[in-house]
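One structure, pasted below without further comment.
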Amino acid sequence: MTQLHPIAPAWQVERWFNTDKPLSLESLRGKVVVLEAFEMLCPGCVSHGLPQAQRVHATFPSDRVAVIGLHSVFEHHEAMPPVALKAFLHEYRIPFPVAVDQPSATGPIPETMRAYAMRGTPTLTLIDAEGHIRHQHFGQVSDLVLGAQIATLVNEAMTLDTAERTPVASGGRCDGDACEV
Amino acid sequence: MTQLHPIAPAWQVERWFNTDKPLSLESLRGKVVVLEAFEMLCPGCVSHGLPQAQRVHATFPSDRVAVIGLHSVFEHHEAMPPVALKAFLHEYRIPFPVAVDQPSATGPIPETMRAYAMRGTPTLTLIDAEGHIRHQHFGQVSDLVLGAQIATLVNEAMTLDTAERTPVASGGRCDGDACEV
Amino acid sequence: MTQLHPIAPAWQVERWFNTDKPLSLESLRGKVVVLEAFEMLCPGCVSHGLPQAQRVHATFPSDRVAVIGLHSVFEHHEAMPPVALKAFLHEYRIPFPVAVDQPSATGPIPETMRAYAMRGTPTLTLIDAEGHIRHQHFGQVSDLVLGAQIATLVNEAMTLDTAERTPVASGGRCDGDACEV
Amino acid sequence: MTQLHPIAPAWQVERWFNTDKPLSLESLRGKVVVLEAFEMLCPGCVSHGLPQAQRVHATFPSDRVAVIGLHSVFEHHEAMPPVALKAFLHEYRIPFPVAVDQPSATGPIPETMRAYAMRGTPTLTLIDAEGHIRHQHFGQVSDLVLGAQIATLVNEAMTLDTAERTPVASGGRCDGDACEV
């Protein structure tokens, strides 16, 4: 099924905050990834996108769901350098890793934002445990819908997880919690 | 797995609103049931519980998820008779079926509320497609958590659905609306 | 100036809650009166009107501003009898006196609601310390505007108060806090 | 009475936004001044202080009430230079004049913030039409209280206005916009 979904492009990152070492989709394989692209001076990001990402981070277990911020500056570049982002992340108590999207040498849109064809910020991209883009929300998405989409991907990952562990020729049935013989 | 979860007790209902015919757990088998127990004069029900139930009703497809209100009056009985509930449902634009919990002959707690061991209102009970109680939330539950729980049960139901369809010579397939031979 | 404003009609009241003795505009003369007309099953009253009246009650000193609820039932009469209102006031922790508007013998609109020519509920009527209607808001009014209107009437009342106390032939100047010679 | 209130210190400003010419308390004499001190990366300023200032600006007539922003950076100075503030004001649609508080040569607290003895941001200072500090709110203040305080100062200014107009042979009357001979 998942082969119908596009493979999530690699992140092109200038620098990271809130993490000791750089992260990549490969390093997060096995987890559902919630990628929250934002600008620190985007009102909708501050009022909706980032608080929602914080709720996701607080709600889902970190061994199943990784919340990653992506600071994708596509306007007012001089107003949002990494030093300003650092203060912003501190003041807004953002607890999850945040990547600074690599500025483009040829235009205002940074590299990862362009690779993901984002229309603006906030954009929340849901990437499944095998690294495919499954949903992309520009603007607002309700917590009910987002909670359902994340859970669906987590359940799918757990099934895959179990399936891979399941001996060939098993006659069993797997659901989110267990496999029965 | 699901045999570990208690079977949801049958609803004991004095009368129904917003439905042509009485509903039962049996008649909803195959759907995930979101049972929202409330009192029309309970502030938390009006400000949180019922708006959330309305969001669930507007978000999830009705062939997969059934939202049912349960008016469980356990105090101020004389203030909340069915005629008052009828006006309330009209004024608050409640779109889903609502059952009036059967008053008890022996005490203030109505029959269904007692059978489900609810601590008060609002109480949201999640019942899986096979009729087991899977989650019960007294007070508030976040939309993220609720969305995730509903989706997990819907996904499980769809997996079961498919599993049942798989065997050759199956004697029938049931979805939320009907059973096919 | 105030003679240009209509005199607030007397309240016609079936019964009172949250007060030991019946109140009247005469008994409140000298205070600014905030009259909050509502129905207990009116969603806008529950979500906006009554919480705002509670904020007014908590914000302004009771010797200057009297907040009075008026339960003006003009529809679904059988759903909102006084016994239901009593439970409602208890559950919603309404702290100020509430009058039950006198039902009309000839139509659905109760007597005080008709005398004040209200268009529906919630309707907030501001009555000055001399008993004139100064503002009437149907639906929502912002706290900024309402705070400003109440303060203006309070300041006016205090000026009148002082003026009446001020000796004739005073050369002084009065403001809200004091009079200077 | 007003002599009991401290005279508002002159504003020390590095540069202005949203105004063609520098403003001063003298140039605003006759109007009530709402001075909203903020930092662009202060969460409480973004979620509460500035939206409230915008509501005040939209609610009260500009010939009676002047809303002035004061960008008082006392931390993370490198993250909030004027070029970043300019983008912020654009993105958040701040419609009123904003002064950049003059950085101190000797410490992190800018000059106007120090002169007004502010404890942090947001701080809303109410200055009467004669240039006295009448109220100062650090953190949040309710719209009801703020509306009442502003109206009281406006009413006072209008009373003074009239009082000054009364004497024969007056040497002139000033309101917020102009002085008449």
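Letters A, B, C and D mark the chains in the order given here, with residues in each chain numbered from 1 onward.
Following the convention adopted for this analysis, contacts are C-beta pairs under 8 Å (C-beta built on N, C-alpha and C of every residue); 3 or more make two chains touch, one makes a residue touch a chain.
For each chain, UniProt lists the protein as follows: A, B, C, D = Redoxin domain-containing protein.
Please read all numbers here as calculations on a predicted model, not as lab measurements.
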Touching chain A and also chain B, the following chains: none
If more than half of the interface residue numbers appear on both sides, call it same; otherwise different. Which is it for chain B and chain C? same
Per the centroid of Cα atoms for each chain, what is the distance between chain B and chain C, given in Å? 42
Rounded to the nearest whole Å, what is the centre-to-centre distance of chain B and chain D, using the mean of the C-alpha atoms as each centre? 54
Separation of the C-alpha centres, chain C versus chain D, in whole Å, is 33
Identify all positions of chain B at which a residue touches two or more other chains, and write them in rising order. none
Chain-level touch network, classified as line, ring, star, complete or other: ring
Kindly provide every pair of chains that touch. A-B, A-D, B-C, C-D
Would you mind writing out the residues of chain C in touch with chain D in their complex? 55-56, 59-60, 142-152, 154-156, 173, 175-178, 180
Touching chain C in the complex: which residues of chain B? 40-43, 46-47, 75-76, 78-80, 83-84, 86-88, 90-92
